[in-house]
Amino acid sequence: MHIGFIGLGHMGGPMAANLLKAGHQLSVFDLSAAAVEALVGAGATACDSVAALATARPELVISMLPAAPHVKSLYLGDAGLLSLLQQPTHLLDCSTIDPHSAREVSAAARQAGHYMLDAPVSGGTAGATAGTLTFMVGGSAEEFEFARPVLAAMGKNIVHCGDSGNGQVAKVANNMLLGISMIGVAEAMALGTSLGIDAKVLAGIINTSSGRCWSSEVNNPYPDVLENVPASRGYTGGFGTDLMLKDLGLATEAARLAKQPVILGAAAQQLYQAFSLQGHGQLDFSAIIKLYTKQE
Amino acid sequence: MHIGFIGLGHMGGPMAANLLKAGHQLSVFDLSAAAVEALVGAGATACDSVAALATARPELVISMLPAAPHVKSLYLGDAGLLSLLQQPTHLLDCSTIDPHSAREVSAAARQAGHYMLDAPVSGGTAGATAGTLTFMVGGSAEEFEFARPVLAAMGKNIVHCGDSGNGQVAKVANNMLLGISMIGVAEAMALGTSLGIDAKVLAGIINTSSGRCWSSEVNNPYPDVLENVPASRGYTGGFGTDLMLKDLGLATEAARLAKQPVILGAAAQQLYQAFSLQGHGQLDFSAIIKLYTKQE
Amino acid sequence: MHIGFIGLGHMGGPMAANLLKAGHQLSVFDLSAAAVEALVGAGATACDSVAALATARPELVISMLPAAPHVKSLYLGDAGLLSLLQQPTHLLDCSTIDPHSAREVSAAARQAGHYMLDAPVSGGTAGATAGTLTFMVGGSAEEFEFARPVLAAMGKNIVHCGDSGNGQVAKVANNMLLGISMIGVAEAMALGTSLGIDAKVLAGIINTSSGRCWSSEVNNPYPDVLENVPASRGYTGGFGTDLMLKDLGLATEAARLAKQPVILGAAAQQLYQAFSLQGHGQLDFSAIIKLYTKQE
Amino acid sequence: MHIGFIGLGHMGGPMAANLLKAGHQLSVFDLSAAAVEALVGAGATACDSVAALATARPELVISMLPAAPHVKSLYLGDAGLLSLLQQPTHLLDCSTIDPHSAREVSAAARQAGHYMLDAPVSGGTAGATAGTLTFMVGGSAEEFEFARPVLAAMGKNIVHCGDSGNGQVAKVANNMLLGISMIGVAEAMALGTSLGIDAKVLAGIINTSSGRCWSSEVNNPYPDVLENVPASRGYTGGFGTDLMLKDLGLATEAARLAKQPVILGAAAQQLYQAFSLQGHGQLDFSAIIKLYTKQE
């Protein structure tokens, strides 16, 4: 399939490369010439503007951008993609943005005669490179079926979440819970060890009991409970605190617009913010346990 | 083995019955004559006082009582079990109490020449009846090995958590995390559904993603996401909100004494308290989701 | 002075009326014909569009609108006030909006050759009618001095808070603190009375001690501690919970953009949101004490 | 009046000295010989035990001790003051303890034929020395009238709070509110200044507006907003974070026993605990603002 790909950063770059590997034809655009060059080296065709990409008439356009303003700017407005595309086109935005904005863009796309899916991912840069991302997809069943084989070249878990915006809803709800449960594990581990139990023994009990969760089993924040996790290498790698902060900001803002209380979700956001303020925003979010342990 | 059993309530009664089934000889005591009668009918010998039970010279005494004051009253003091027992005896307290009190009682027991384990359980009355409880055990390795076969008649997961009090530490740490993660799931489900996603779809995504936890997979608080859980039968059965409140009280009080912050743990305690205040203390703790959804 | 006034609602209407009483000449605009009629009856000149008002060439334009989107829509854009006004004009926005948006509009106004102040108010509709509002004003000293006499016709406490946006900053910071301290008073009164102390005795002690604050002294949330406050008349009148929610939303959103934690501020927002969800959004915000007392 | 005084520490010492200055006859006891010596130098008579003090037959016994266990140990038990005093005596405990314990001791005192008041203080060591303490007093009207003239020699604000324990109730409720509002002020000042407003300007607006409170007007946590406050001298002096923690522990524990939610009160406790964990427990509690500002 001829696919246009816009946004070739840490996530978009390896995602696009996997599409090339799967045999798709790619027209690519990014503000960074270096990012474009890398993909061209792998077989993509460079476009020097969004307009040029639209003119190439791809069947499907995929975007992977940092935040809602970039997405709105790309699709909407006078020189936006929606007005540039001359024929009905399938659009697939993989950016993580708020559900409200995702629905605004999708509605505008349909109004302009296009098809559109929101499809935020989880799995990080490792998953993007390995082609093992999870895609949470919002849009109609027909749109979803059209895009599914393409998504399968970039991920292994492709979930249809319902209508437009629901991909974003699934992601913010899941990540808000993740942000809360990580702090819960951090508090439980800090409390238990301060009361004298061995960290591995405690983690073992939690992991076979009603406290078990991804944050205890897969990314335990206590150092050296698990191997090959951020906590056992100084909290490097992983999912940065500032990225968790971005997602919690999306969740609490979506909650505000929906008039929906999220008491622990908002508390978690503020605790990560307090932690980031002290200069730890680049550490894996499991480093939040440092708030609960005496620092030298 | 000749075992003394003190405290034959909703938990202690079926636990004692399982010991009888396993072939042990039981001397039992409870303030409720009816509770004693039930066990006598199953083969136990009734004692009409703690002193009488002590005089029967059991090799092991098991206690299952509501709270720390009952445990202290049973073991310590002038007419307490520690002074009544005339020979070194193995003692096993299965009550859920604060680690500080557990350690105080254990230390007194050792001082008096006895052996003592703290061994709080999880699994509820269903697990007590089925003999599938989890025991979290604090005490020496020798004490643990002595008691292990007896515990195996009442439970299927017998974990040595380290020295005295660590059984209680494991339980309060795990249950604090449970209390937090249940609220986290409640908020995520309430947020997601208020933003338009189907509850089962959202739960399915969470359960295969980084938000997954016991509270989403096994006891999801959203009605009709899972069958045979409290949320799908009006929040009856299960683990009552007021029992969760008791455990969160133990956790935050232990944290206070250890000068250990537990920010979300304390928030969770207060939210369950606010929910209980409105008359919902007997509902399964997953009913906390009602705080987040419009009530008629 | 010839003043243009846009937005004649519950606040803007009486504010404009006070300007007429002070002898100013008013050109007014509102989407509601009835609101315009009321002011015309008091001596104002009606404009049937923003463009018509701009054509009337007022020396000063005052706007009083519900939220940031309305303010941006009025001032910015192709048919916005900034492009309609043909000569340098003093602009004064009394709407309560986020500081970021206020600064964006002010910067655009200056770029277009105008002068602009942000001047949100406190004091409610009673203060608007009585001409006793507090104005928190952001902008240059010269702009402030120009507008001060006009503001003095509508309020009695006119404070220069520094550069553009600082009026909004002062308001969101003050109101966030107000939202927190009201809940603090509610918790202290609920705790004290549940422990047996008389509510008036407790309020008396707090008001002469280190807990004293506006929420205890002037708007105590416990019924019948003070006369003539919402708590003593079923929480009617006063400052609605949903208005407090709006201001806390502005505060936490401004905090998020500034990467500034506001832990209790965010908690307060969520608690008012939970209270509003149960149908109490129209009650004075002191009604939050109902979260802490058993409801029939 | 012949008064027995037990507990001559940082608070009790200067309080006893003020009683001597007012012409009362004092029999004193403390575990610290140096503390006793200091009072003897000022005219008191030393007792080498509580029993000796009881034998001296004072009309009134005042105690000022660190915590509930000390108070219970002094009054209750086999060798406690209640059994040592041979004639009905007025008892006045100025220690800050939980209301539950205060009521337990008062009930025991009455049962033994004595009169008893709980009378915790506020005002710190400066107030103790200057004789300007506030006393919050629980007990009967007759008991209160008997003690009032004596209290007047040590304080200037003597408030009868109702029956036994209500002095403690008033203190924990007020101090919980104080702990919350200080964090509220810290967040408001940190938010405002991070958004660009001058700290003194913001404090000025808050202090004439609905956010005003003791923590903003008298002990503002932002450096150099006020002179002669801890914030303007490195947070030395004042009311230590660990003392605030003690009072918040009393408040949340009393709330737990009363099944009363205190959501922000518990959050405040945890935040001070997190701050203390990082080594700041000796700083004035207004130093909590450091949680909200970037530390070098």
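Per-chain residue numbering starts at 1, and chain names A, B, C and D are given in the order in which the chains are listed.
Methods note: a residue touches a chain if its C-beta (ideal position, glycine included) is under 8 Å from a C-beta of that chain, and two chains touch if they have at least 3 such contacts.
Labels paired with UniProt names: A, B, C, D = 3-hydroxyisobutyrate dehydrogenase.
As the structure is a computational prediction, the values presented were derived from the model and not from experiment.
Asker: Based on the averaged CA atom positions, which chain is farthest from chain C?
Answerer: B
Asker: Any chance you could check whether A-D or C-D wins on number of contacting C-beta pairs?
Answerer: C-D
Asker: Measuring centre to centre with CA averages, how many angstrom lie between chain B and chain D?
Answerer: 37
Asker: Chain A to chain D: how many Å between their CA centres?
Answerer: Whole-Å distance between the two chain centres: 52.
Asker: Taking the mean of the CA coordinates per chain, how far is chain C from chain D in Å?
Answerer: Inter-chain centre distance comes to 39 Å.
Asker: Please set out, as single numbers or ranges, the residues of chain B touching at least two other chains.
Answerer: 255, 260-263, 267, 271, 274, 277, 291-292
Asker: In their complex, what parts of chain A are in touch with chain C?
Answerer: 249, 252-253, 255-256, 259-263, 266-267, 269-271, 273-274, 276-277
Asker: Can you list the chain C residues touching chain D in their complex?
Answerer: 99, 122, 134, 136, 157, 159, 161-163, 165-166, 169-170, 172-178, 180-181, 183-185, 187-192, 194-198, 201-202, 204-206, 208-216, 218-219, 251, 254-255, 258-265, 267-268, 271, 291-292
Asker: Within the complex, which stretch of chain C touches chain B?
Answerer: Those in contact with chain B are residues 267, 274, 277-279, 291-295.
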